[in-house]
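Each of the next two complexes has chain A plus one more chain, namely chain B in the first and chain C in the second.
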Partner chain A sequence: MGVKKRISGCVATANAVKLADVDVICSYPIRPYTGIMSELARMVADGELDAEFVHGEGEHGQLSVVYGASAAGARTFTGSSGVGVTYAMEVYSPISGERLPVQMAIADRTLDPPGDFGSEQTDALCCRDQGWIQGWAATPQEALDNTLMYYRIGEDPRVLLPQYACQDGYFVSHILGEVDIPDAAQVKEFLPPYKNHHVLDPRKPQIIGAQMEPKMGPGMQYQRYLAIEGARKVIEEVHEEFGQIFGRKYAPWVEEFMTDDAEVAIFMQGGHSTTCKTVVKRLRNLGEKVGLVRLRTFRPFPTEQVREALSKFKAVGVVDNSVNFGISGGAGVLLTEARTALYGLGDKVSTVGFVGGLGGEMITHEEFYKMFQILKEVAKAGKAERQSYWLPYEL
Partner chain B sequence: MIPLEKIPFAGTVPSPQTENEGMITGNWRTRRPILDVDKCTDCRICWISCPDSCINVSDTAPLTFNLKYCKGCGICNEVCPVGAISLVPELDFED
Partner chain C sequence: MLEEIKSIKKAPIEEYYVPGHRTCAGCGPALQYRLVAKAAGPNTIFIGPTGCMYVANTSYSCGPWAVPWIHAQITNGGAVASGIEAAYKAMIRKHKTDAEFPNIIVMAGDGGSADIGIQALSAAFYRGHNILFIAYDNESYANTGIQTSPTTPYGAWTTFTPAGPVVPEGKKLMPKDLPKIMAHGHPELKYLATASLAYPLDLMNKVRKGLNAQGPAFLYVHAPCPKGWSFPADKTVEIGKLAVETGMFQLYELVDGEYKLTYKPREFRPVAEYIKLQGRFSHLKPEHIEKLQQFANGRLQEVGIEVSVPVQ
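On to the complex of A and B.
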């Protein structure tokens, strides 16, 4: 079943949104995610998708529109990149706190300055604490599949949380890949209609997002914490179900590549991992015991599963494709999260942070070779002399 | 500590169908809306625009203002297409 096409991550996402039979879409142009909206606009205009296509006045407007639409019972879709993502910052917490399962596609892009269209995960990572489900797709196929899985996860009555379906700008959003587009019948089986506990209805007035006194604060926040923690089980179930219906079984938390007897490994998320896989394969051909652990779900962060995956190695290089100036460890977010996951294991696993691919540059094969070289030395010495490297200047 | 069961789902609560005695806002007013009944066309634009639902409409009597809650924002005065509502300083009244 399904149709095989060679399409970009943007077009793949648009196809998934069409299959999910979304009710309200709110657009605002910004590269590189804008490819999703132009494809969706064409689909709506050609009658392929029956949805309200609203032009937002800006990214803050986009999120506000889907916020209201979701509260009125619609399945919604929006997206952005770079500074667009940060412009809408105010609205993210209200949406997750009011348990509205909006989906936002983020084709990541560096934040200004300068006005660089290139990809960097910084924009989406800025939103990591907002209480949304989040993860990166490394291929157009994964972008399509994640979109469908995230609607299913987010709309599950045990979860009811919004989701950021992220993909690397250009590397995933614009470069073509083989995509198996499922047929509508399969998606209908997988994704039931959206139903919430609270729906704005003039016949039954309610206040969604009421003003509250501080004494309600701890309980409100705890409720949301329980929701995102409860999502873990749902994420696993949905991945299992997806595999059964569509024939593609993704690891819900981490994808391990050639890690079986690896002594050192790279830990990262997103499209640059594809480059890393090539290097891992070549090093393996040369007899080097290396591997890659690719993180598939970033929020909720799979602490236990990452700990289990990374504790096998003597040294782990964590690659951060983002800028997190002044952060503990001197590299990026993924390094701090990986280290927290490994807390308690003492010196058993040495970790080194590499900040790479900034500004939308590729992380080259040569850079990966050098990283593995450093990790080999760290494994031999039993500890890392240096905590972090900013590529390409410090490699 | 408020027990978790008492925290409404996502903070969603039913709209108060009646007045909320816990938050009386009428004493915030510095200007009071006054209706000129002869000018009023009963278009009800003021009723729908009032952010505090402080305008009472009926099919039989002229509209009245809920002075217990009216904050005196003046939106009714701004939107009235015939200028039937004017804002008079609160200090001009005895009550």
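On to the complex of A and C.
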């Protein structure tokens, strides 16, 4: 049986990495994800975890170290935040291109400027199209559970893709929550040792990452596309099995909160959804038909599931906790993805974008009330007056 | 342990860098690659950062190695090798593999070692990984069509340092000295040497010493490039020898912090004899050649050779 502890998202993630019996870890300090690595360093020093703990020379080095280690057959872990995530950009595509199921934790953080340490999903979303599985945890418990599920999904021979296990900086990474740390034997049953068929082993020489002539490239890209599309089935299976073994049942794609008979809803991902839930509950107490749809897996994007979830509302407010300057709709990538998912439904569902919580600011209860107020007006009018609002300046 | 190869005739006949690539005729980097692979033997993994020895070797989604090879970015050869080494250490310790610890060799060009790759290289050596990092120096970004790198000599023409009325000498800067950067400031360093494809026995034995060193080993190999330096394809070895005999390149090992020459010509020849065979220096005027001679004399002095060639 597992043990229950009050721990942060960082410590929860470190516990999952230990349970996964990772072989090679590569660190580099940057707030707020650093806490994961300090906890892992302690576990290695105290003999709780047998792993090579490599001090990377930067985030680019971190991703390069785990690229090599994974190609040699090891289970690997790394992580970063903010500009560290973007500094490593070159290496993300080679990792997914060579089909190496590396895992990277991202405790998200704003890019520079402004250079504050605040939570914001821009860093991780910059890397969204690199062929990695990606999703956000909203609680420390979910951070731990996602870490285990992502290894299982990424290492599945039908997938073989790396994973960004994201959690909001501070709001999840540094706030304590009650976490059920599962039993090692149960984890072993759920997550068998990593076995890959294309490893660097002189007894079976293989060439990994050869250059190709232009006409050979598209076939390889198509395989990577098939892998991430094929991951959809595996993601569902793994969530199902996780629930059976550990008793925690997560929706693989979208978590719906008080959406029965709701006329308007917020669509978002990450830790700010916890604040939104409180507002939804209070509005429900006042008789308002409001709800929340929280996205759990961002890549592959669950187009069908999001369409199904959102198409039952008259108006949907999409909260983007990232900057995407000049993007269609003027808000963020979540708004464009949601609109794409709803494409073809005409005026049936009106969508409005809200950019909020930038630079680590809270999205306050008051702001969520205002968003729901706008959504009610949009639902009544049957159309939105404007595409999007930047909080707090335009709301 | 890999034994010393006593003579060129006693070198292993087995090849691990085999036909099936499209390097240029007379390619220096390819010639030294063959010798390195021969010396290292079958229990080897090569890491190939982007450069000629990636592009020209693997153009058709295959490669000329009889041992495992993995691509690295031009930036990160040292880090990828570190990861492979760490993985083998962990997996052997945790009984997750029954493989023997392999020779882990990075084959990086001068860009992937002295320039954009230096951060990953230095970090790997600082951390003490048991790897051999080979910088094959063809003194330019050759794969992209001959652009200057930090090791391109003073006065050399490249497409980024063309000679013209305003810049008569072409390249104006003196080259970076990578082995000396690596020799000092990396406390975990276990072996460091320079070598040349023109001295194959010396090269192969230095590869073996580096692999036997049980820690970070650095080998800097001079690898003339017919295309980039503009000389006939059958002159690669001759140019390699002339570089050493004129003092433009020095063959040494670092022993207890001191440079120990492994080959010293009886008499050094003027640098002018080396450069006159190469089109990349054809625009140089006497005052530029004089500067190159000073450069060679200075480098020789740094490894303990008193200058024997007068500056004209």
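Here, the second predicted complex is superposed on the first by the 395 of 395 C-alpha atoms of A that agree within 3 Å, B and C clash if a C-alpha of one lies under 4 Å from a C-alpha of the other, contacts with A are read in each partner's own complex, and residues count from 1 in each chain.
Here is the rule we go by: a residue touches a chain if its C-beta (ideal position, glycine included) is under 8 Å from a C-beta of that chain, and two chains touch if they have at least 3 such contacts.
Not measured: the values here are computed from a predicted model.
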Based on the superposed arrangement around chain A, label chain B with chain C as either clash or fit.
clash
Can A:R99 be said to touch chain B (first), chain C (second), both, or neither?
first
According to the stated criteria, A:S328 is in contact with first (chain B), second (chain C), both, or neither; which is it?
neither
Specify the partner with more touching residues on chain A, choosing between chain B and chain C.
C
Contact-wise, after the overlay, does A:I207 reach chain B, chain C, both or neither (first, second, both, neither)?
both
Taking the superposition as given, does A:M216 touch the first partner, chain B, the second, chain C, both, or neither?
both
Check whether A:H197 is in contact with chain B, with chain C, with both or with neither, and answer first, second, both or neither.
first
Considering only the touch criterion stated at the top, classify A:T340 as touching first (chain B), second (chain C), both, or neither.
neither
Scan A:G56 for contacts with chain B and chain C and give back first, second, both or neither.
second
Which one hits chain B, of these parts of chain C: 25-33, 115-123 or 295-303?
25-33
Chain A residues contacted in one complex by chain B, in the other by chain C:
98, 205-210, 212, 216
Contacts from chain A onto chain B in the complex sit at residues 97-99, 160, 197-198, 205-210, 212, 215-216, 218-220, 222-223
Using the touch rule from the top, collect the residues of chain B that touch chain A in their complex.
1-4, 6-7, 9-15, 17
In the complex, chain C residues that touch chain A
42-45, 47, 54-55, 58-63, 65-73, 75-76, 79-91, 93-94, 96-97, 99, 102, 119-120, 122-123, 126-127
Which bits of chain A are touching chain C when the two form their complex?
23-24, 26, 50-52, 54-58, 60-61, 64-74, 76, 90-91, 94, 98, 193, 200-213, 216
